[in-house]
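Going in written order, the chains are labelled A, B, C, D, E and F, and every chain counts its residues from 1.
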C-alpha cells in the first residue's frame, strides 16, 4: 500500500480526532519511503532544574492538531516538495544519560545511513550531542550550526558530570562536530554565573548574537545582516528558552528578557541555508507550560525548519 | 505482517514514549483481525454545560501510558484471551449532532457487521444512542443495559431539541434499544430539577440504585445482591459523573456526593455478565480535569470492561 | 412587576448563560418580598494563611449554573415552600476587619429587622461573628448552633489581634450569642497547636464530634444519634474545611483526614432542626481550588440548608 | 425608578463584590433607556478545535470588576457621552448552530429595531454572521468592516457544513452584508492550509494587513496610514486570536507570531471611524486561559470600542 | 547559642512568613544537638513516568507552614519528647542514579553514625535503597519494614537497568536489608503487568495487605489485627501513591482505587512499633499536584511518623 | 564562624536543593556583617482586588534557585562588590494594616540605623510607605524616587480608608518622604477612573513616563534621555504591574498594554543612579501567576537593583 505523505485534513476528520502524529502526517516505520523523518526524543535525564521534557514529543504531537503546512511567506507547502513522516520516538533509558546516548546514536546512525533528513522534538538539550555525533559521521565534516538559546551551553561539568544539558555545545565544538567559525547563537542573554562563562565562545570564535544586538539593530536589518550558510550541511538546534518566558513558559531553565516567537520566526525565515540536514526543538517542558504556549512555539519552529528544507 | 496484540512494554520503550494508543496496543485498521476494537468518539456537541469531551479520546490515550493489562482479582490479562486493538476515532461533525449520529451509525454499523465487539471512549452521553441503535440492529433485540451516571438521562427536550446528552436513555428505551426490565442504573443522586424527573424510570421499571442504597447496604452486600445478566447481549455505559467530583472533576455536569473509583471498580468486578458486547466511557472533559484524575478513572473503567469480556 | 421566585430554567436559557445569581434565582433589592435572602459576604481580611475567600460569592454564583432545587430525599423543591432570592453582596472594607464588622452588622441588622431569613456565602470565618451578633439581637436569646469545621475556632489572639478567622467561636460563646449546651461541632480533627486548644470547648460543654467518632459509629447510626434541636432558633455555620482537602481543596487552612461531601450531606439531611433561621458557608478560596470542587461543595451545603428550612 | 448608567464605584463597593455585569454597569431589560447595549452571546457550537467560548460572557463580566471607563488618550469617560448598560445574554441553542442563528437574529433584530447600538461578547466567530445579517437589514446597505483575526475566516465548508467559525467572513461578503472595498483585516498570518486560502480575499478586494506589514512599517506609521471610514455605518469584529498566544492564550485556534495588546489598542485608538454601530469580541475560551489574560484583553477591546463610539 | 527545638509560632510570625523549613522547626547543621533529623532528598532520576519529585522537599517545606505538632489522638506534641530539626537536603547528582546512591550513603552513613534518627522527604522510591543500606549497617541486622505503596516495587530491571524506582524493594530483600518475615505492605492493588509480579513477594513471605482486604475487614478491625513490631529497629517507607489519586494526584505513577488519607492515618496511629529508627515519604511530584493535596498528605504522614517515634 | 556571602553553587548542590533563600545567598540575622539585606515583607492587607502577595517572598525565594549573579552588561557579579544576604521576613499583622505599618517601621528603623541598605520583596504596594518613612528619617531628606507601575497610586481614600495599595504615592509626597521634582514614574497607562486621577501628579510636578512615550521615542533613545539622579539617596519601587500581564500575570490589578521585561531591564540598566539606598518589588501574587512568570520577573528586577548598587 502506498503511503500518502499528506496531513490528515481538518475539514474531513476534525482536528481533535485521530491518533496524534506530528502535523497529522502518517506514522511510518523508520525504513519507509520518506525524505524527512520527524522523531520524538523523550528524555530529560540531563536537566539541572525543571524536568518534564520527556513529555514534549507527546504534547507537540497533540498540538500538531493545529498544525498547517502552507507557508504564507514562501507561498508553498513543505509537503509539496518533501515526503515528511512521523517515525515515532527514539528509544531511551530514562534514568541513564550514557546508555541513552548509545541508543540515540544507534537510532540516528541507522536513520542517517538510509539518507534521511530528520527533525527531532527533544528532550533536554543534552540529547543534541549524540545526534550531532552521528551527523558528523554521516557528512564527514563538522556541521555549520545555528543555535537558538538563552544559554551558551558551553558550561563546565556539574556535580562531577561532564555531560549535561548545559554542556552539549562545548562537547560539540571540542569533538569537532560543528564548525565554530560557522556557528551562530541567537537569544543569548544574562545573567551568567561568572565572567568565565564567555571564555569558551570567545576562544573558539563562535558568533554570539545577544538579544541586545537584535533589538538595537532592528529585526529586519538584523536578519538581513546574517551570513550565507551556503550549501554546506547545516543543523539548527532550537532551545525554546531562547524565547522570553511569556512566549515559552514551559521550559527547564527560563530566563526573562528573551526573544518573541515573531522574532525567531523572522530569523528562521531569513536564514540563507541551502542544505539543512537536520534540526531539533528542545527543552519544552509540558508540565510547566501554560495553555500549551511552549508546545505551540516548538511546533512553529518545526514548521519553519521544514519550510526551510 | 502479523500483528501482535500486546501492549508495548514499559520496561522496553519507556511509558512516556511512542505514538499514543489505548493501553499502548497496536493501532490497526477497522477491518484488521482483532476481537475487540477500542474506539475514540470525540464529540461534545450534545452538552448542556461544560464542553471538552472532544478531547477525551486523545487524553485517555495519553494516560494509557500508565495502563496495565493484568487483573489482580481475576488473575489474568485480558490480552491473553482477546485480541484487542486501537482502531482510531469515529468520524464526527463537531458542530452538528444529527450529522454526527449518521456518521456514528455508519461507522458502528460497519464495525458490528464484521462481528467485532467494541469499547468506546466518548464523547458526551448523546453519543451512546446511535451506538445502541446499531447494537440493537446487530443483535436483533433490546440489550441488557448497565448504566453508571449521576443523572437519569431520561430528561425531556431542551431548547426545543429532543436529542442531547441528558435524553439518550429516554430515547434508548422508547426506541426499544434496551430492555428496561434489565436496565440497572448506578450512582444516581440528586438534586433534580423536579419530581417528574423520576416519572420515566418508574413507568418503565428501570432499576435505579442510588448512592444512598449502596452506602446503606454496604459495598460487598450490594455487589453480591446484583442480579445475573446471563448470556444475553449486555452493554455498559459508564458516565464518569457517576463518580464524586473529587474522583472525576473533569466532567460536564458534576454532582457532589458521588461514588468512589473503588466502588465502581467493585461493581464492575462483581457484575455477573457473560456476554458483554460493548461499552462506553463518556463525559470526560480534560480541560476541566485536575492532574488527569478523570482520564485515569475512565481508563480504569475501560480496563474493567475489557477484563469482564 | 411581581417577581417569580423560581430559578431560570436550564432547558430554556442554557445553564452557562445569563447574569450569575445563586441558584439562578432572581436578584432583588434587600427589601423585596422574599422569605430567605441569599447573600454574598466577600471578605478575607481575617485569614491567617491562604487568602481568596473574597472571590467565593462570585464563584459560587458561577457554579450555581449547575444548581438544581428539587431534593431527592425530601421529594420537594425548596422553591415551592419558600420565596428565595439573591440579594447581592454585603458591603465590606477589604482592608479593615473592624470596619467590616460594622458594615456587616448594619446590613444584617436591617435584613433581620425585616423578618428575613438568610444564608450567606462568606468570606472567611471571622465574618460569622457579626452575623451572630445581629441574630442574637433579633431572636433575643443565644442561638442553637451547628458548626462544621476542621478547627475549633476557639483560639486565642494572634499577632495581638483578638478577632480573626480562628477565634469567632470563642467570641460567640463569650458574648452569649450561641448556647454552648446546644452547640455541636462536626469534622474536628487534629493536629492541634497544643493541648490547651481543647480547654475552651471542654469548659463550656460544647459537643465535639470528631471524624473518628463518626467513622467508628458508622454514618447512619451517627446521624440517627444526633439530638433534636427543636423549634428554638438555630444557625448552621459550614466551614468547607470540615471536608477533606480531596473534596474541598480550595480553602484557607486545609487539614487532611476530613469528611466527605456525602457525609456532610447526610448529616445536614438528618438534622432535626425545626427553626433554621440562618446559615453560612465560609472559607471557600477559589484561587486555590481545583475544577471548582470547593465551590460545588459549598453550593450543595447551601442547597441542603435551604431544603432544611 | 430612573437608572444611573454609571459603573458601581470600586472605592465604595469593593471591586470583587456584587453581581457581575460588564464594566459594573447596570443590568437592564432589553427595552430600557440606554444607548449602547452590552450583550453576551455564549455559544461555541461553531468551533473546530478548542471549545469553551460559551463561558466567555460570564468570565468577561467577572474580570469587568477591574474595568475602568476613563480613556487616558481621549481624556474622557465613555459613560459621560453614552448611556451604556448590560442587557444580559442572547438566547442560544448550545447544540444547534442553525437554531442559534435564528435566535440571534430574532434578538438582534429586536434590539436594532429599537435604535440601539450593541457590543457583543461572543461566542465563537460563527456568531458574527447572524448579527451582521440584522445590521445589514437595519442600515439598508453593506457595512464597512474592521476585522481583527489571525485567520481569514473565508474558508470553505468543513465536514459538509457551510456555516462554521472559519467561514463567517466568506458568507458576510457573499450575502452582501459587508462592503469588501471597505473591509480591513488586521493580524493575519500563516501558516495556511493551502494557497487557495487567499483566493477569496484577493477576488473580492479585501484589504489584508499582515503582522509583517505592521512590523515593517512601524506601529505609528501603520496606524496613521489607515484610511478614513467616514460616517458610514461601521462594524468591528475582534477575534482575540489576532493577538499572539502569549497575550491571548485562551482561544480556540491560537497561532503564534501575533499582535500584542498594545498594538491592537493603538489600532483601535487610531481608527478614523465616525459611526461605529456595533462590534463584537469573539473566541475567548476561558477554560484554556491563563490568569484571565484573554478575558482581560477582550475587556480592553470592548473599552476601546466604547470609547470610539 | 542554644537552639530551641520548637516550631515558629503562627500566632507570632504569620504562617506564610519566614524561611521555609519542615514544620517551621529550626534549620541546623547535620552535627547539631537534635534527636531526629528531617532531611530532604530531592532526586527523581529513578522514575519511569512523571518526574517532579525533585521539588518535593521544597514544596513540603512550603506547606509545612500549615504544620502543627500536637497529636489529638496521643494528646502530646512530638516536640515535647524529641529534639527535631530540619537539617537541609542530602546532596545528589540529578542526572546519575549510581553517583546519587554514593552521595546518599555518604550522607546517611555520617548521620546514622552520630546516633540520629531520620525522616526523609524524597525523592522517588529509588532513594530508599541507599538509605536502607546505611540503616542495615548501623543496626547490624535486617530492619522490620512497613511499606505503603500501590505497587510492589519488586519489579525486574527496566531498559537494562537494575536499579529504578520500581525495584528498590526487591533489592532491599535480596541484599538482606529488611526482614521479609516482618515486612508489611499496605495499599497494594492492581492492575499489574503480569502474574509474575507477585512471585517475589510470595517466595519471600512478605505480607501484602491489599486495599480489598482492608475494606472487607473494616478499618478498625484491620488496624487492630496488625502484629506487634516490638522493639526491633523498624523503618517506614510511605509512597504517596498508596493513596487514591483523589487524595494524592501529584505522584509519578498514580493508580485509582487507593487508600484515603484517613485510612493511612489510622494505620500509622495503630502501628505497634516501639523502635522507629527512620522513615521516608516518597514520590510526591509537585508539578503534577493540585492545590498541594499531595504535599499536605506527605506532611501528615511525616507528622504521624514523628508522633510514633 | 565567618559567613561567605556567595550564592550556593548550582554546579555543586543542584539548584532545586536546599533551604530556599533569595539568590541562594546565606540566611543571616539582621545584625550580621552584610551590606545589603534582602527582606521579605509578606503582606497583602492593603489590596483592593486579587490577594496573594503574602506568598511573594516565599515564591521569589523558590525561583531564586534559578538566580545568577553575574551581570552580562556590567561584566561583574554584584557579590564581588557587596556583601548581600537574606535576612528573612519582616513581621506583619496579616489582618491589620496600621499594626503592620508599626511593625514595618520598627523593623526597617532598626535595619537602617545599622547602616544597611535593603531590597524588599513585598507585599502589596501599601508596604512601601512605612519603608519610605524610615528611609526619610535615616537620610534626613526626601528621597529621589523611581517608580514602576501601571497605576499612579496617588488615589483618594477607598471605603473610608486613607491608606491602601493605591494611595501610597500620594502619602509619600504629602508626608515629604520623596521629592516630587525627582520622582519618575514608568509604565503608566490607562484606563483611569476619571480625569481627576491625574490632578495630583500634575500639581506636584511628578514626571510621568507613559508606555506611549517610551514606544514613540524608542527604547534606546528613551533610556538615554533619562536624567541623572546623582549621588542623592535614591529609592526604586517596582510594582510588577508596570509589566504587561503577558509578562506578569500574577498580580493584584493587571492592566493590559504594559511594558515588557526587556524594557524594564533596559531602563534599570540605563538609570544614572549613584546612591541607590533601597528598593522594593511589590504586588507579585503567586496564586494568580502562570508558570512563575511574575516571580521570575520580580527576581530579575531584584538582580538589576543589586547590580545598580
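The rule is simple: contacts are C-beta pairs under 8 Å (C-beta built on N, C-alpha and C of every residue); 3 or more make two chains touch, one makes a residue touch a chain.
The model shown is predicted, which means the values in this text are computed figures rather than measured ones.
Asks: Which chains sit in contact with both members of the pair chain B and chain E?
Replies: Shared contacts of chain B and chain E: A, C.
Asks: Tell me, which chains sit next to both chain A and chain F?
Replies: D, E
Asks: Based on mean C-alpha positions, I'd like to know which chain lies farthest from chain C.
Replies: Result for max centroid distance from chain C is chain A.
Asks: Counting residue numbers used by both copies over all numbers at the interface, does the chain B-chain C contact come out same (over half shared) or different (under half)?
Replies: The interface is built from different residue numbers on each side, given that under half of them are used by both copies.
Asks: Measuring centre to centre, with centres taken as mean CA positions, what chain is farthest from chain B?
Replies: F
Asks: How many angstrom between the C-alpha centroids of chain C and chain A?
Replies: A distance of 54 Å separates the two centres.
Asks: Chain C to chain D: how many Å between their CA centres?
Replies: 40
Asks: What whole-number Å value describes the gap between the mean CA coordinates of chain C and chain E?
Replies: 37
Asks: Do you know which chain D residues sit against two or more other chains?
Replies: In chain D, the residues touching two or more other chains are 12, 14, 16, 48, 54, 92-94, 159, 244, 246, 288, 290.
Asks: Answer with line, ring, star, complete or other to describe the graph linking chains that touch.
Replies: Topology of the interface graph: other, matching no listed pattern.
Asks: Applying that definition of touch, give me each pair of chains that meets it.
Replies: Inter-chain contacts occur between A-B, A-D, A-E, A-F, B-C, B-D, B-E, C-D, C-E, C-F, D-F, E-F.
Asks: Taking the touch rule as given, give the residues of chain C at its contact with chain B in the complex, in rising order.
Replies: My answer: residues 9-12, 14-16, 65-73, 75-77, 219-220, 244, 246-247, 260-262, 265, 290-293, 296-297, 300, 303.
Asks: Taking the touch rule as given, give the residues of chain F at its contact with chain D in the complex, in rising order.
Replies: Chain F reaches chain D through residues 48-49, 155-159, 189-195, 197, 210-212, 215-216, 244-246, 249-250, 253-258, 288-290.
Asks: Would you tell me which residues of chain F are touching chain C in their complex?
Replies: Interface residues on the chain F side: 44-48, 50-52, 54, 92-97, 99, 126, 159-161, 164, 287-288.
Asks: In the complex of these two chains, what residues of chain A are touching chain B?
Replies: By the definition above, chain A touches chain B via 12-14, 16-21, 27, 40, 42, 54-55, 57-58, 61-62, 86, 88-89, 91-94.
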